[in-house]
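In the two assemblies presented below, subunit A is common to both, partnered first by subunit B and then by subunit C.
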Partner chain A sequence: MREKLFAPARDPLWSALAAVLVSLLVSFLAIAATGRDPLAGFGNLAVGALAGPGPLGETAIKSAVLILTGLSVAIAFTVGLFNIGAEGQLIWGGLAAAVVGRLDSPVALPLALAAAALAGGGWGFIPGILKVRRGVHEVISTILLNWVAIHLVHGWLVAGPLAAAGGGASISVAGTEPISHAAWLPRFVTGSRLDLGFPLALLIAAAVWFLLTRTARGFEWRAVGAGAEAAHASGIPSGRRVCEAMALSGALAGLAGALLILGTEHKYPGVFRTGYGFDGIAVALLGGGTAAGTAVAGVFFGAIRAGATRLQLVGIHPSFAELIQGIAVLLVAAPRIFLPLWKRLRA
Partner chain B sequence: MNAILDFAPPLVLAALGGVLSERAGVVNIGLEGMMRFGAFAAAAGAIWSGSPWVGLLCGAIAGAASAAVHALLSLRFRADQVVSGIALNLVALGLVTYLLQSVFGSSGVSPPAPSLPRDRFGHTVLAYAALVIPVLFHLWLSHTAAGLRVRAVGEHPRAAATLGVRVLSLRAWCVLGSGVLAGLGGATLSVGILGQFDSRMPAGQGFMALAAVVFGKWTPLGAAGAAFFFAAADALQRQLSFSLHAADLRLEGVFLALPYALTLLVLALGIGRTRAPAADGVPYEPEGR
Partner chain C sequence: MKALELSAIVKRFGGLAAVDGVSLAVAPGEVLALVGENGAGKSTLISVACGLYQADSGSVRAFDRELPLGDPRAAIDAGLGVVYQHFMLVGPLTVWENVVLGREPRRFGALDAARARREVAEAAQRFGLSLEVDARIETLGVGAQQRVEIVKQLWRGARVLILADPTAVLSPREANELGKTVRALAADGRAVIFISHKLREVLAVADRIAVLRRGKLVQVTPRTETSAAQLAEAVMGRPLGAEPDAAAGLGVPATERLTLGLSSRDDHGNANANLSLLEARDLACLSDRGRPGLRGLSFDIRRGEVLGVAGVDGNGQSELAEALTGLRRATGSLRLGGADGFARTPASARKAGVVHLPEDRHRRALCLPLSVEENLALGRQRDAPYARGALIDRDGRRAKAHELVRDYDVRPPDPLARAGDLSGGNQQKLVAARELAGGAPPRLVVAVQPTRGLDLGASRRVHDALRDARKQGAAVLIISLDLDELRAVSDRILVLFDGSQAGIAAPDASDEELGRLMLGTATSTAHA
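Let's look at the complex of A and B:
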């Protein structure tokens, strides 16, 4: 049923572009409406996202995380499920990476990544099995699981049992013990925080593209997404396929969390408000649910997120990026808004 | 008990908003965003006018206005209701923070807003409203013709349409009403409890209200009861973190996770036939289109 998400726009590419343009225009007007200089605002946005190795590195590390959470949501879409739980899966993945990353061993990095994928995958498997076995709607179960993860990890594990030694309430904001240097994602360019995460995310996007479009398993997933009963009747174990896809979906979100911890934070911080999991929904929707589209949308939103930090120079809060994103999703969600425009263009 | 009556009203009001919208067949993931708009507008309105009552009104209007976007997108333009709600939450997050900074020049909190008067037990009128409204809502939904129509468009819109109910406009009214309730819930946070707007509001209360809707099996009394139960868990958690032993264990997170985990458990075990309205989330296409 969910493939209808993309159906009304006969041309997802055009409706995505239109959504992006309109959302940029609206935010341009929003800046002007509050008496600030929108040109200076957007200039700062561009400088913060693109000007030189530093800003490009920021764009890359944010894009990498968004590509992975976007792919996570997109994979769940292929079997017809709406994974709103990427945020919770990302949190468990990040925590697993922070714990395993404390190993001082040459294989700490791959182990930490694997642990993150496993933790996120496990958390993603739960809504899958609940859907298949108990008929629990995945939108509800993933929302609930998000908050279970947020409170258990942030309110208990990171503040209590896993908190860095030193004790006392004031230290509790500090988070877990730092990870070992061996588990850091390697960086390549001086003066830039660009790390292994971005190439890794692109590689995974390519692998997901291959999996979904060039393998039998990918075909079966799409068949389940198009109609679970028809797929089941033709011999595809649809329940198993749903659980597999949800586990992979969770694993990618978990990896996204690992990139944040191993790449930039280097420990699980006491205050970790990411929102990347929710942004993944925006990325996947704008990307039309395909691997390539998701990668492009991830880079776009990554650039906006990176550039938004420089909006502060003209007195605009960086959360402005969320506004642009939200409007774009509103418009992508309702492609029929553009229908009259299409008709006029064709006439 | 006093703490529960303090924490419950925002949850109760928002949960009732969720019930109203979902019983009419429109999924409302946007409760969180509507509460956020309501909380901010209430604080802004109260500061400008000097009256918390004007603030409360502004909160309700802002909730309804954001709900109107949800209704327009999901009913008029047939957007996926879940996506529309998520987009609303994103917009609320970005726009309110932006407004907070451009209006009050702060990215953290608004200036103090005049808050609602409290009686000698320390409760605002909203605490009592949270006790009375669920009952009135229940009577309305179960025992009036209008309530029957709402339930009909949520269970079998085609049949309701055959009997002359205008499905889309009734659904739109219910979504607007849902926005009013969620907006009031948000306003309770800012002008009712804290006396100012905090940029973290509503801090997941909209999602907890959603959990209360499910836990309460999509009924007004059930959802309100669940909201009170969740508020009690919250109050207990705060009590515990005062006592020193519990503070060492840092168990607040476990208590905060409890309402969500319990709701999931109820769903997973299928206790008491939890079932969403049959047409919940299913777009309605009028015939002849």
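Let's look at the complex of A and C:
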């Protein structure tokens, strides 16, 4: 099924656009069916996502994280692997950023970002090497590693050795010590939380595009994903390529965690279940597995996430945004699963 | 009464008749062998008999009752049991569990394990099939797994047993044992249909032997009234000893081969003439099934020489190709131009100038979702003109792709077409273009069934390209099941049997001579 899901679509742009439109339409009808005013709902969604520097900043922050986790999943697709472990890689990246970010030094920010990439990359490398050396299916290992990360970090490190002094009693101050100001992602616009994260994410998307489409290394990754045996027979060290790609995949998820910590949280909080890692799967799917598509899909989902907070004003639960997201992904993924089946049944 | 009676069966695929009006019957207590080349219609006929395919016309009767066509359930209920070449067993389960799987005897709604175990043991014992019923399948060898399949059919009450190429996976000793089992089944009054490529075995086991060729029944003879030579002639459809028409099916006139022979002598006139470019000594390795694939194979190929490799499929050809291209580890020594260790990995083989036209081009040679130009760059993606440093040279790659696509007449001539959208013949031209003309001239060409499935024009193009490589001084190894092809392009023909050399033949060797070597009935006549 993985092969079907991530087979390059013949017309990824149109199928993604159609999926988005239909999902918006279905959500519109769903709001109407619950007796609320769909126009007001969508109006609030738009205001929360787009109206002015404040909302635009929220959209940008969320988009940046989603673009990075989406790219993380997309890079793993490139070598034919399904990385469900972006969540765990993001957690390690966030923790590394929170620890290194406490340095009060002019290079604290780049160091914290690098540490996050390294930590996430290391966590992503594990399922890669397990796959290559022992044939462990990456879906299994990444899911399990997510839980290992969650419990190690949340259940022990952040609550114990790394907990802020005197913070244990109150949940609001639970978490690690705050990072130094030097490690904050700089903000550009007053009245907006827009920070360096968004331009950084766009820059990384461009770099990933260049890597995958313009370099020999990227070509080798795609060859491994498109035909592992043919790539191996042509002399490409396919196992090594898989591990590299998984490490980069993890590094990007780790950076996504760093953006959250260095941009908005400014410490590793006691409770930090973001779901951004899992949403990265949706972003990459809608984006057709390409860097540009993933960036656009990341912004779309980021805007919906940002706008959803205002849905409550008309009595709609903010998780409603997930309905839009879910339907869009289903519409993109379903034809790839069911079309071949349908063709076989008719044959 | 006949156990199974097929009357005037016709089965077409597209416009092609895979089985064309075949009538055949087998009586209880009789062993009928079915022989023929690949694609002669043997397995299609069997699939019609057991209901997997619906025949276009004709009828199937079992024990005087007409079976509905295309109904596998009815065929099973009528007592037909097929043992396929690929076993359908569950590895972690035990022998008896596999046998009863899907038809478990029950007691108060629960599996009656004691009874199932006992019945399976009895079925095995009755026919002298030695089996440990409590052993897990994955711990058993191929021969034992095959016995499990046979017991499964017997336990289910099969009265007509069909064995599809059963000895292909067996060692000679196991094959011998199987022969005894088959005779025991017949003695018990069951009908057995035995499909095989190996004429010697067929003559040892069968009561009657039916020969299929191109979907038609050529002859049915009692064992006592035929011979290996007569059968081989019937299978190939050509009187032995007659000059084979090398042009048949290939578009290569026999005279062309003679010209090649002359030019090869010219090549050998120079100082390097008798130097072996490739030296293989005592190659041995295991096959995917864990059986010996090659057992001590030694041969040489000179610069500018084409060595053809003949043999019945599965006698070590794939393993040989894989050992030479770094895809399979083999013991023994392999030297290319005197240098050792070139075949350690696919990358090192490629670096040493080994190119490969593999048998399974979809899996081994092409990334189907990628474009034609990307597939042409595969393996040379870091070299000029495909790359400049670590970056893809998009213009250089496009220009080279246009050139290769034009020279090898790949259609459509579009470097951006998806490789998976090309026809099989054009895919093979794509592979040949990349391997033979995509970079530096090759030193060793390993081509496996290079023209299988290709039309005349494409075959000719591929053969021309192989000749060019040879003219440029490469050593060329061609593995093919098509003897005409081997005779047309080879300077010498190495015949493989059971992973070692059965002999070396001249390119004008007769079918009979090659056939005897291929079937392992002759001792080797010459050495490399």
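The definition used in the following text is that the second predicted complex is superposed on the first by the 320 of 347 C-alpha atoms of A that agree within 3 Å, B and C clash if a C-alpha of one lies under 4 Å from a C-alpha of the other, contacts with A are read in each partner's own complex, and residues count from 1 in each chain.
By definition in this document, a residue touches a chain if its C-beta (ideal position, glycine included) is under 8 Å from a C-beta of that chain, and two chains touch if they have at least 3 such contacts.
It should be emphasised that the depicted structure is a prediction, and the values quoted were computed from it without experimental measurement.
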Inset, instruction - Count the residues of subunit A touched by subunit B and by subunit C, then name the partner with the higher count. - result: B
Inset, instruction - Return first, second, both or neither, reflecting whether A:S234 touches subunit B, subunit C, both chains, or no partner chain. - result: second
Inset, instruction - Report for A:E220: first if it touches subunit B alone, second if subunit C alone, otherwise both or neither. - result: second
Inset, instruction - Would you check which partner chain A:A164 touches, where first means subunit B only, second means subunit C only, and both and neither mean what they say? - result: neither
Inset, instruction - With the two complexes superposed on chain A, say which partner A:L152 touches: subunit B (first), subunit C (second), both, or neither. - result: first
Inset, instruction - Residue by residue on subunit A, keep only those touching subunit B in one complex and subunit C in the other, then list them. - result: 8
Legend entry - Of subunit A, residues touching subunit C in the complex: 7-8, 213-217, 219-220, 222-223, 226-227, 229-237
Inset, instruction - Would you pull the subunit B residues touching subunit A in the complex into a rising list? - result: 27, 29, 69, 73-74, 77-80, 82-84, 86-95, 97-98, 100-102, 107, 204, 207-208, 210-211, 214, 247, 249-254, 256-257, 260-261, 263-264, 267-270, 276
Inset, instruction - In the complex, go through subunit C and note every residue touching subunit A. - result: 325, 327, 345-347, 349-351, 356, 358, 363-370, 374, 377-379, 381-382, 387, 390-392, 394
Legend entry - Residues on subunit A engaged by subunit B in the complex (per definition of touch): 2, 4-5, 8, 30, 34-36, 82, 84, 130, 134, 136-137, 139-141, 143-148, 150-157, 159-161, 163, 169, 172, 275, 278-279, 281-282, 285, 315-317, 319-327, 329-330, 332-334, 336-337
